[in-house]
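In the two complexes below, chain A is the common chain; its partner is chain B in one and chain C in the other.
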Partner chain A sequence: MSNALSALQGAKFDGLVKVADAGLQGMITLRGDFADAKLQAAVKEATGHDLPQQRAMALQGDTGVAWMSPDELLLLVPYAEAHACVAGLRAALAGTHHMVENVSDARAFIALSGADGLVREVLAKVVPVDMDPQHMPEGQMRRTKLAQVAAAIWMQAPGEARVVCFRSVGTYAYDVLCTVAAPNSGVGFYAS
Partner chain B sequence: MLTLHCPYCGVHADETELASGGEAHLKRFGPGASDEEFEGYLFMRENPKGVHFERWRHAYGCGKWFLAARCTNTLEVFGTYPAQTTEPPQHVRDAISAKRPGWKWREFS
Partner chain C sequence: MSTRLAKGGRLVNRGRKVQFSFNGKNLSGFEGDTLASALLANDQMMVGRSFKYHRPRGVVAAGAEEPNGLVNLGEGNQLEPNQRVTTTELFDGLSCTSQNHWPSLEFDIGAVNTYLSRFLPAGFYYKMFMYPRAFWKHVYEPFIRQSAGLGRAPDAHARDQDTYEYFHIHADVLVIGGGVAGLQAALTAGRAGLRVVLMEQTAAWGGRAVVDGGTIAGKPAQDFVDAAISELQGMPNVHLRLRCMGAGVYDHGYVLGYERVNDHAPKQAGPRHRLWKVRTAQVISATGAIERPLSFAGNDIPGVMLAGAVRDYVVNFGVSIGDRTVVVTNNDDAYRTAIVLKEQGLSVPAIIDARASGGGALADQARALGIRVENGRAIAKVKGGRRVTGVAICAQAGEGAVLEEIACDAVAMSGGWSPVVHLWSHCGGKLVWDAPKAMFRPNPDAPPTGADGQGFVICAGAANGAFDLAEVMRDAAQAGAQAARAAGASNASDAAPEADSVVEAPLEPVWLMPQGANIKLRMKSWLDFQNDVKVADVQLAAREGFESVEHAKRYTTLGMATDQGKLSNINGLAILSDALGQPIPQTGTTTFRPPYTPISMGAIAGEARGKIFQPIRRTPMHAWHEAQGAYFEPVGQWRRPYCYPRSGETHGQAVSREIRQVRNSVGMLDASTLGKLVVKGPDAGRFLDMMYTNMMSNLAVGKCRYGLMCSENGFLMDDGVVARIDEDTWLCHTTTGGADRIHAHMEDWLQCEWWDWNVYVTNVTEQLAQIAVVGPNARKVLEKLGGMDVSKEALPFMQWADGQLDGIAVRIYRISFSGELSYEIAVDAGQGQALWDKLQAAGAEFGVMPYGTEALHVLRAEKGFIMIGDETDGTVIPQDLNLHWAISKKKTDFLGKRAQERSHMADPNRWRLVGLETLDGSVLPDGAYAVADGHNANGQRNMQGRVTSTYYSPTLDRGIAMGLVLHGPERMGEVIDFPGTDGKVYKARIVDPVFFDKDGEKQNV
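For the complex of A and B:
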């Protein structure tokens, strides 16, 4: 068995906020018909959560489910369990129109932590999203463009944000976030 | 800057998140069509100064196609609606009529 490495291999940066590799996280892409009872049951079985509403996500520890589009979900599971979880989903959804794939190793996972206002500000510098707590509350998944690449972002807790992007652009996303989190680059747009 | 409401995500997506897909409501003419119809389908496009209907894709978001009615002159957006629609829905037509009385675009008005 090869030794699994996260895309950024533990990189860390301490500036306006802390930018760090969030480590290995099991991620599963699931596409299908949300109205299908079999799919709803399979998601509940795999993550312990109900199907999320539009743009919502539910997360407990490193297990959760996020709404990606009207027919796509991102399931978060512990890294080591991803393969078994995919096999379980395939078995549960046999005969239903669906697609399920383990994408854990295709992604880079970045954590931002610090004062809530500054974390929001650092993201707001590179995404075309209103990062105000009213528009980007915790428990909301937002897929958008981070500088020049596609990314999914969410607020995990006050002062804790997560960024997911393709592994091939992981270093780029990390470098961009470190640049906009440079010390003394604070604007103070959001209240901390 | 153009900001369009994605009918699938429910977010106000910035232009940089979107990919433009050209004119909306094109009717395909394929095998069996006359040369004029086929030429019109392939090449003839509206280029209005004013009300226009376009296809857009939320490329960096949900990845879905949707249609938008907007003014090319002022960038005012009258409404967006799912791509599985063969003609502008009534509420979008009403929104345009309220701002641009007597508007006309191809066979719609």
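For the complex of A and C:
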């Protein structure tokens, strides 16, 4: 596993906010029946968290779970543990209709950091999401469109946002974020 | 002459001079000036020539409605044509030139058109340029291109150096317009605790009220504005934005705001324009009103200006248009202009009031100041050419017999005011004709409606037809409260501050001055200043049968210029109504479309330019390909290496080298872009049997099968190899371009039709890098890496196996798209480059080299394998391609089955796939048609087939091709003709499409 490369290979940019490769992150697509106690237990076992409500996520370090759709979850686990976690989930869910796929390498993972208001403004330039702190607090994830590509975003902490997109467009998303994070392009909309 | 007054000008800072140039002439203004006020302060009355007759034109308005004052702004990379002087803030170093004249603004050849105006009537273009037909291309079009257009297009090599961006926000109430109505509405909604955004298109708050006077809550309007701004700034739930125009209102409360971030300070870093994309529960349109010109002869001569604008220039900028200003009006408001001028010590020789009964309290005030007021009078004509020298006065009731002439340098005209209903109308808000005020105003009972059927736009103040200050404040507070309640606030208060009320005498509609003006006068009475449309043109259109206002607009070009008829529309349709003998509401208005005023192309493009113009998809090995100097081709949004030319090689030579290497030894292909969909569940087999034409449910675990996918209309839409992973899991490969489309296709059927089938699909295309190792030495390369048994026995053709190659976890498929011994190796994308490097190293002794998509295409064509998009085009069914073997006869159903049984699909005359070999070994032109005897009903040659793929085959050293040919498979050996576009006729023999290794011995080793 030592030779695994993240999509952006450590790129970083310093502008209105910092834009940087967030590195390798284990990600697992889990589809199944949310009402099934077996599935709930398997998620708890794998991530330590209960199933999230609609649009919500629970995250502790690099382990967590996010709501993707009424029958799909995104599990976040340490990158090195993703394959083992997939095997564990498949075993735990054997006999029920489910799907577990490792998608860690299918993704680019980008971190934005800086003043909270500016991080929100940089994202608001390229995602049609209500970035108001009351409407986009920590503990929420949005699947959305970032400029011209699909992406998911969340606030990790005040002034810390994460962007997930497909690996093939990681460079595009990174370039877009760096462009709209150009110095002197603050909007002055969100308090910092 | 126009000049700067000794004092005054609430918006200018006389302490700071600003240098600029107009037509190369260095001029100066003050900070806070618009380009218009600065030009006028320098006595630059004439700012351009009109579009059609090249008549001298001056500034006529003071805001967004200005039709005449358009300039080429900036130079080189910064040049922008048609920039409006009234909305351009002055900055140091501004450089502009006037438009639409040659050789100079003062002396212009095209002005001869004005003497030819009787030969350039409405619909001239339609009448003149229809015949003779051949003249269009060679005479008329070049002539029109030469003479048309206002501004100059930037040079072809110029590149905009500025940046642009979007900004997305959500709001409860979006208030557009920062006059007193907008401020009051924002206060009301803001106090109710809602998320409020207030946008104002100019650089200053307050709008007209601060110019027009009057008191609010006992204090001057400016005090109210200052207090309101201060209170709004203190509210964390309210955001204020100057220089941001509400450009358009769209469905679902979506509004575009156009912010000109640094047009006024171009040296300031940061984006030039920002396009706000607002999702709001409620919109309040407090966009004010626009004054209408009066239609009298010579109303376009520089120095004739809207009365409100004359007032604006004095009060806001300390600029007078002339020493002696005649005011001409049909309403009381214009008296305010006379009073302001008089108070400034300027002369107002007369107020010409078209109303026989005259004005009210303001008229009395004017008389008290000693101004001569003439009731029931009109302007017969304006005297002067490049500027006003006087007016001839006549009776409004007559035909224009001149009673006297009055010398003056300026004319302030007012035909009444029209509410700015644009934003209300963009999304379907209806209008009602208010006869007493002679205006269209929003019909509150027919607002634009949202998804819930309720209105989501409310007009406030003058935009709602309320012109009296007290009424404006009440209306705005009500609008604010109504919007707040609709957006969910329960505590909104209707309370409005008290304001002055001035009793005004009623306006009298005056659409033509004098009312019986003769044709000579009507031909000089302008309606649309920018497009040169006169009263006589609209009347002619009516006589020629144009009854619909939309048709008359297009025929005469009324309102079709860059100002979209902000001044001309109401006057024009009133003239049209009169000519048609019908009431104005029956004629109706033309359609109001966004944007309110033109917005920059840069703002529309946002950040999408240069390397982020479009997303480019890159495989995990993309950087390596780039480093090798690969020549890329777009495949969907991917960039795939077409070939890897070495120094001195042409692309064709590179492709041939890559093919020979694959056929003779071993090559490597980056196949990561191929779609990979995991399909899993108890019903997955049954589902795939419906998706594919052949059976997939009976595929054994560990095996692969080639499958075809058809649309429900039977047409071939995708193909690829399917692998059975375990009892209830399949992996479906799709074409590169098909990955997302086929995923969506599967989800569509699962979610909409077979929602009760237990199947999940996940697109894992990007999780895996896929590397094809292809050629007789492929096995040796893998064996060198070691880690798993890739022998024929352990991993035979059309099977797959999991394992490791030199420590990297892989899944290897024994599938072949080239006819060679071939392994497609899937690996986690993060390790794609690592595995690629290992394979390169291991293959070095066999001369391994990467090959691109063109080699891939030729290799498959040599084997007669079809390519989706080449052999198919959305009209081709598998049977056309002789793929009957891949269509299950056992299955009761699959998508496309029933369609393929239709008579036209089963027609033996459908063109079918064959191989084609030119007699001389040359390469057939791509897409060429095979001709048959005779001609069709259109006099064209009959066709009997076409080329679908054609290449030079280095393996066979000759051209090879595939094509669809009538009765093709039954005509083996026949020679048919393919005329090329090069004038040559290519003769080709119909042959078997498999050109190489017909028995498949090479791939099955």
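Throughout what follows, the second predicted complex is superposed on the first by the 190 of 192 C-alpha atoms of A that agree within 3 Å, B and C clash if a C-alpha of one lies under 4 Å from a C-alpha of the other, contacts with A are read in each partner's own complex, and residues count from 1 in each chain.
Basically, contacts are C-beta pairs under 8 Å (C-beta built on N, C-alpha and C of every residue); 3 or more make two chains touch, one makes a residue touch a chain.
It should be emphasised that the depicted structure is a prediction, and the values quoted were computed from it without experimental measurement.
K.L.:
Which chain, chain B or chain C, ends up touching more residues of chain A in the combined arrangement?
P.N.:
Touching more of chain A: C.
K.L.:
Considering only touches as defined above, state whether A:Met68 meets chain B (first), chain C (second), both or neither.
P.N.:
A:Met68 contacts chain B only, not chain C.
K.L.:
In the overlay, answer first, second, both or neither for which of chain B and chain C A:Lys12 touches.
P.N.:
neither
K.L.:
In the superposed arrangement, does A:Pro128 touch chain B (first), chain C (second), both or neither?
P.N.:
Once the two structures are laid over each other on A, A:Pro128 reaches both partners.
K.L.:
Looking at the overlay, does A:Lys44 come into contact with chain B only (first), chain C only (second), both, or neither?
P.N.:
Touch partners of A:Lys44: none, neither chain B nor chain C.
K.L.:
A:Ser168 contacts which: chain B (first), chain C (second), both, neither?
P.N.:
second
K.L.:
With both complexes overlaid on chain A, does A:Gln54 touch chain B (first), chain C (second), both or neither?
P.N.:
So A:Gln54 only meets chain B here.
K.L.:
What is the contact status of A:Lys145 with respect to chain B (first) and chain C (second): first, second, both, or neither?
P.N.:
After superposition on chain A, A:Lys145 lies in contact with chain B alone.
K.L.:
Based on the A-chain superposition described above, do chain B and chain C contact any of the same residues on chain A, and if so which?
P.N.:
Of chain A, residues 128-129 contact chain B in one complex and chain C in the other.
K.L.:
Looking at the complex, which residues from chain C come into contact with chain A?
P.N.:
So the residues of chain C touching chain A come out as 163, 165-170, 195, 236, 239, 268-271, 274, 277, 279, 607-608, 611-612, 614-620, 637-638, 678, 680-682, 758, 760, 762, 764-768, 808-809, 828-831, 833-834.
K.L.:
Flag every residue of chain A that touches chain B in the complex, lowest number first.
P.N.:
54-55, 68-70, 72, 128-129, 142-145, 150
K.L.:
State the interface residues of chain B toward chain A in the complex, per the touch definition above.
P.N.:
Touching chain A from chain B are residues 8-11, 13-14, 16-17, 60-64.
K.L.:
Considering only the defined contacts, which chain A positions touch chain C in the complex?
P.N.:
Where chain A meets chain C, its residues are 3-7, 24, 29, 31, 71, 83, 97-99, 101-107, 121, 124-132, 135, 147-149, 166-172, 175-176, 179-180, 182-187, 189, 191.
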